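Here come two complexes built around chain A, the first alongside chain B, the second alongside chain C.
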Partner chain A sequence: MTTYALKRLLLAAPVLWGVTLISFLVVRVPPGGPARAVLGEKATPEKIAALNEENGWDQPLIVQYGRFMRDVFLRFDFGESYHRRIDVSEELAQRFPATMELSLAAMLLAVMIGIPAGILAAVKRNRLADYASMTGALIGVSVPVFFLGLLMLMAFPFLPGGGRLSITLDIEAVTGFVPLDALIGNRPDVLEDYLAHLILPAVALSTIPMAMIARMTRSSVLEVLGEDYIRTARAKGLSERIVHLKHAFRASLIPIVTVVGLNFGYLLAGAVLTESVFNWPGLGQYVVDAVLAYDYNPVQGGIFLVAVSFVVINLIVDLSYGLIDPRVRVG
Partner chain B sequence: MTDDAPILASPVKRRRLRAFARKRTALAGLVLVVFFAALALAAPGLAAWTGHDVEEQYASAQFLSPGERAAGAEGRFWLGADDLGQDILVRLAFGARKSLLIGLWSVLLALLVGVPAGLLCGYFGRWVDFLGMRVADILLAFPSILLAIAVMAALGGKPDERNVVIAVGLVNIPVFARQVRASVLSVKEHDFVMANRALGAGHVRVMFLTILPNALAPVIVLSTLGLGTAILSAAGLSFLGLGVEPGTPEWGAMLTKARDFLMRAPWAVLAPGLSITLTVLGFNLMGDGLRDVMDPKSAGKPS
Partner chain C sequence: MTIKRILLLFLLLWLGTGCGKRKAGPGSEGGAGAILVFGRGADAKKLDPADIDDGESVKVCNQIFETLVTYAKQSAELVPLLATSWEQSEDGKTWTFHLREGVTFHDGTPFDAGAVVFSLDRHVDPDNPYRFKGAFTYSSNYRVIETMEAVDPHTVRFRLKEPSAVFLANLAMFPASIVSPAAVKEKGADVQRNPVGTGPFRFVKWVPAEKIVLEAYPDYWGEKPELGGVIFKPVKENAARLQQLKRGEIHMMDNFSFSDIEPIVDDPDLVFESVTGMNFAYLAMNNTHPPFDKRKVRLAVAHALDKKKLIQLAVFGYGATGPNPMPPSVWGYHDGIEDYPHDPDRAKALLEEAGFPDGFETELWAMPNPRPYMPRPKEAAQIIKQDLAAVGIEAEILSPPWNTYLDKVQSGEHPLCILGWTTDNGDPDNFLWQLLSKENAVKGASQNVAFYRDDEVSEILDRAKSELDPGKRKALYEKAQERIHRDAPMIPLLYLPQMIAHRKEVEGYTVHPIGVVRLWPVRLK
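Now for the complex of A and B:
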């Protein structure tokens, strides 16, 4: 297992490096340089030069990259927001938990409904349950998540339409994660309000992963059920239920884990659109606002954080293969 | 002919076409796509027929319900009007143009860059392949919307249609490249390829005339599905304000605006939203059908 883990880590390293490079470059590529874009119409050569010097944008790229990496990895310093004069790392620290909460909630929903739906469809193959759930899944994959969000806002006007908490409520930020803080601070009212705010965006965000997980589960279970060792198990006289639970399920797990892992990436990204619809104060919305305002340090930091998280999560998924499928460890 | 790969013989194509036609879901997808393509083509005609120009704002028609008339406007507002009194049906039709064109251009870009890249990597192998695949890995390491946003930021951060095409296309390049590379790797070892090389065919000739035709099938499937995702991504970018310029008739942009008055004029949300959904569904159904037809082994297995 350790060799497998090491191999996976080694493969992830260049990707991680590439991701940092791209986050770094994105901000410095715009025509005319970031200074011109930030200043916009008020740009004069003197102001551009001043801004360049202040941010070190006039240095050779290698030097800039070196400083960027040093600042980020040694000091967690992502610079300052040009417009708001706040440390980007502070803002990232506030926004990250929000996106994580939404993504996790959506993933939970997607898995809790998607996997049973897929299994049901596989077991009742070519009957109504199968066609119904697979049609639903196909539609789910085609619906734009922001449209779905708007539909939900229209359908459930009694639920709060935006934000993470009502403005009137406040909670001591111990961990940064609202549900945890609410529990720690013994504030069930905050928890209730939070959940009311969470449910619509979480459901909206979960639909696409749910659909993909359901489809993948169905095909994976079907494939496994056709295998010889399942026939053997049945021939031995085992009940259908044991055949399904003990033999079929574990083997079908691998593609399911793949799809769950892949979908986490979707969730981090799809969260952007959902956050926009529901005004959920997450990372995605943060990056978009920063891009629209030409505020480059937040863009750089936000993209960096989301991309790196994605790589790390995929790495964790990869490593969990090793746990589930012993063949992978050897091969 | 040594150049003709056996797989591309006509009877196979005809057989596949018939198999495709027999799948009802795939045909349904085709119908959907054709419908929206027709809508796009008919856009100026619709504007003429209703007498409402796409940019025209009729103050008296604000939030008009579908099917109603308004003072100062010539025809009926078949799908109602939005907050500026613009005819939603006409905007929807022009929006179909925008979305379909953006989708087409981005897929074209992805093909033009991704297919040769995959060919080169698969054919030459070794360090070319290694480099190419690491670049693909890095690009694929970003969630697609984030990469699209990053590209928009890198290209200036302003809403711009051309940049949208580049952003959405770029996201798909590694997908196409990977697929083509995989096909190349599997075809490369076949006898007819080696026979061609033995007869003195140059690298380029072998790559394009012999290997590529056999790698085509999965690429066609990917392109069809890719059109769907491209339209989704472009609409998403526009919804965020990072796509087409706000105010342009485009489905995503229409949704952003409609959001502010969604309770007063729900049809302003439903029309573009359903259009996106049905168009993407159409491409997905077609793509699934094509995949089942091209590779019967994967029939019943979703992507």
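Now for the complex of A and C:
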């Protein structure tokens, strides 16, 4: 098991390096450069030259890349946001918890509803429960999150319309995660307000993963239910419940865990639209704003952080295969 | 089944907790000391007034900082603020300002002539140690200052390199806000997130991407605000911002889409206010690019455009148009000029006279992203293309990304392009000289994208820059506008309104044509 884990960990390194290279190039490839875009209609040759010099944007690419790698890996320094002059790492530390909270909440909902729905659909195949949950899944995956979000805002006027907390409430940022900080600071009112703000975006965001998890669970469980050892279990006289939950479920877990992991990665990176509609101050909005403002450093930092998270999640998923299926550990 | 019971419970919960409106949370009720929540499209970038150039940062700084002079309530006329009076010398090169007494910064330090010199020196001296590697986009406006002197704690004297008629207007702009020297020296670059000014509201805290909280400054020298404080809340999506306004989660909002105006007007709880703004959109013809070097061709284009239709289709009727390269709200606007009427036949005749009986092919450049003066550039470009096609001019629309767009357009690679201008200080020089003097037609970073290089007009505009007599100055600008209209290097397309939407509980707000947001006179019922 340890060798398996180590091997997986070592493979992560070249992936991360590749990500830094791509994120570095991607912001520099489009022609024109950031100076002119950032200065807008009021740009003059002097201002552009001054900005380029100050940020090292006029250096050859290889020099810029060398500096970038040195700063990121030796000092964890992603530079400053041009517009706000704050360290990108500081801003990432502020925005990442928000995205993590939303993604976790959405994932929890998706798993808590998606898996049981999938199992139910598999067990009651071709009956009402099956058709109902699969239709629900189809709708969930088809309705654009943005539209769904706006619809929910209109349908639930008694729930807050955006943000993480009501405008007049404040909480000391100890960990950066609001629910934890509320518990640490003994502020149940803040926690309640936070949860009220979390519901709508979490539900909106969870619809797509929930649908995918339900479908994957259904097909995976169906496949397992057709296996010989399930027939044996039934023949032994075990109750349907034990057959399903103890034997079938664990065997069908691997594809489900894969889908959960992939979706979690998608949530971390792709919560932009939900964050936009519900004004959730997360990483997605942060990176998009930086892209639109031609602000290099936050874009690089943001891409890197999302990639690292994805690698970590995939690593956990890979390791969990070893836990779920003993055959994997040996191979 | 348990599932049915859960669904039933949820349904009851939804109906029970009511379809009532949600209040914006504690502290948002009306009365004295109320907190106003202002919803805007994006967060501020930083709060150092000398170093900002984006509207959201300016909006917040406007409540915290003050300048020597400022704009009148609803015009670009200049009135005293931190300076109570001023004199100019005969040659116009020396300005003496008498400062208001009894004013303190939010950190308790006194406002005096030293603070004025300190604040402006950050612009005047390129090696000033308090520039903190910022962009300081507007420093060039203040380089006309040769020396500054704090004659006594309440008198400042400026000696200029040459007489300047825009000097006073530039002192009213936000980059000339007076900052607390003590705060800048103590906090260094951190002042960008901890501003200290003399204004009616002082800074409390900034939670990035969530809110900026200001409170009324109890020792303010002037009329203290009735509001207890203001919270600026960034809400990116226009649709979401409108929803929040309707629910009362925010009290005011700006920068909404033109398509949001009708729902606002129809809602009895909301109020829509607007006033003619100080920006404009134009179609620039590159006068160095044939055939637009021929005046008749340019006039043909002028007659080909149906500007009224453009207003209807591009901005849903919420705009105006006119003949001049600055909107009517700007001082010096010549209202005696008749605009070229929409006349496709006349256009075709002119083209024939110019040697193009069958029209010609060309390129129309339009920016891919909305701008304050042009919220729907793609639609506008389509409409213009149609109008041109009707007289035989086949225009291909090109929309490179914004940074390349500016790059190429300012280098003169375009035959036709759509661009615009938002005023910095409300002065006519800021429109006419900036956009049409031959000095600014420098390939590579030209702000004169029509590349209009007329000697006579440039001379008039240069003279007007330093003409201190307002009557003579106005006459010069009127002459310039007449000549410009005759030569038609560019065609002004749209003058857009400054708009704001707020709940009916919000009273006392005045929309300003330049777009300055002033929250201290506001009351929340």
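FYI, the second predicted complex is superposed on the first by the 326 of 331 C-alpha atoms of A that agree within 3 Å, B and C clash if a C-alpha of one lies under 4 Å from a C-alpha of the other, contacts with A are read in each partner's own complex, and residues count from 1 in each chain.
As a convention for this text, a contact is a pair of C-beta atoms (placed from the backbone, for glycine too) under 8 Å apart; a residue touches a chain by one contact, two chains touch by 3 or more.
In this text the structure is predicted, and so the values were computed from the model without any measurement.
Using the contact criterion defined above for the overlaid structures, shared-chain residue A:Gly237 touches neither chain B nor chain C, since it reaches no partner. Of the two partner chains placed by superposition, chain B and chain C are both touched by A:Leu150. In the superposed model, A:Lys47 makes contact with chain C only, not with chain B. Residue contacts after overlaying the shared chain place A:Val272 against chain B, while chain C stays out of touching range. In the superposition on chain A, A:His83 makes contact with chain C only, while chain B stays out of contact range. When the shared chain is aligned, chain C comes close enough to touch A:Gly163, but chain B does not.
In the superposition on chain A, A:Pro60 contacts neither chain B nor chain C. Comparing the two interfaces of chain A, the one with chain B and the one with chain C have residues 30-31, 37, 150, 153-154, 157, 276-277, 294 in common. Partner chain A is touched in their complex by these residues of chain C: 14, 17-22, 24-28, 35, 37, 42, 45-46, 53-54, 132-135, 137, 189, 192-193, 205, 207-211, 231, 233-237, 239-240, 243-244, 247, 249, 401-404, 406-407, 410, 419-421, 442, 444-445, 447. If you check the complex, the residues on chain A that touch chain B are 14-15, 18-19, 22-23, 25-27, 29-31, 37, 137-139, 141-147, 150-151, 153-154, 157, 212, 215-216, 218-219, 222-223, 265-266, 268-270, 272-273, 276-277, 284, 287-288, 291-292, 294, 299, 303, 306-307, 310-311, 314. Within the complex, the chain A residues that touch chain C are 30-34, 36-45, 47-48, 51, 54, 83-86, 91, 94-95, 150, 153-154, 156-170, 193, 276-279, 281, 285-286, 289, 294.
The residues of chain B lying in touch with chain A in their complex are 134-135, 137-138, 141-146, 149-157, 228, 232, 235-236, 239-242, 252, 255, 258-259, 262-263, 266, 269, 272-274, 276-278, 280-281, 284-285, 288, 300-302.
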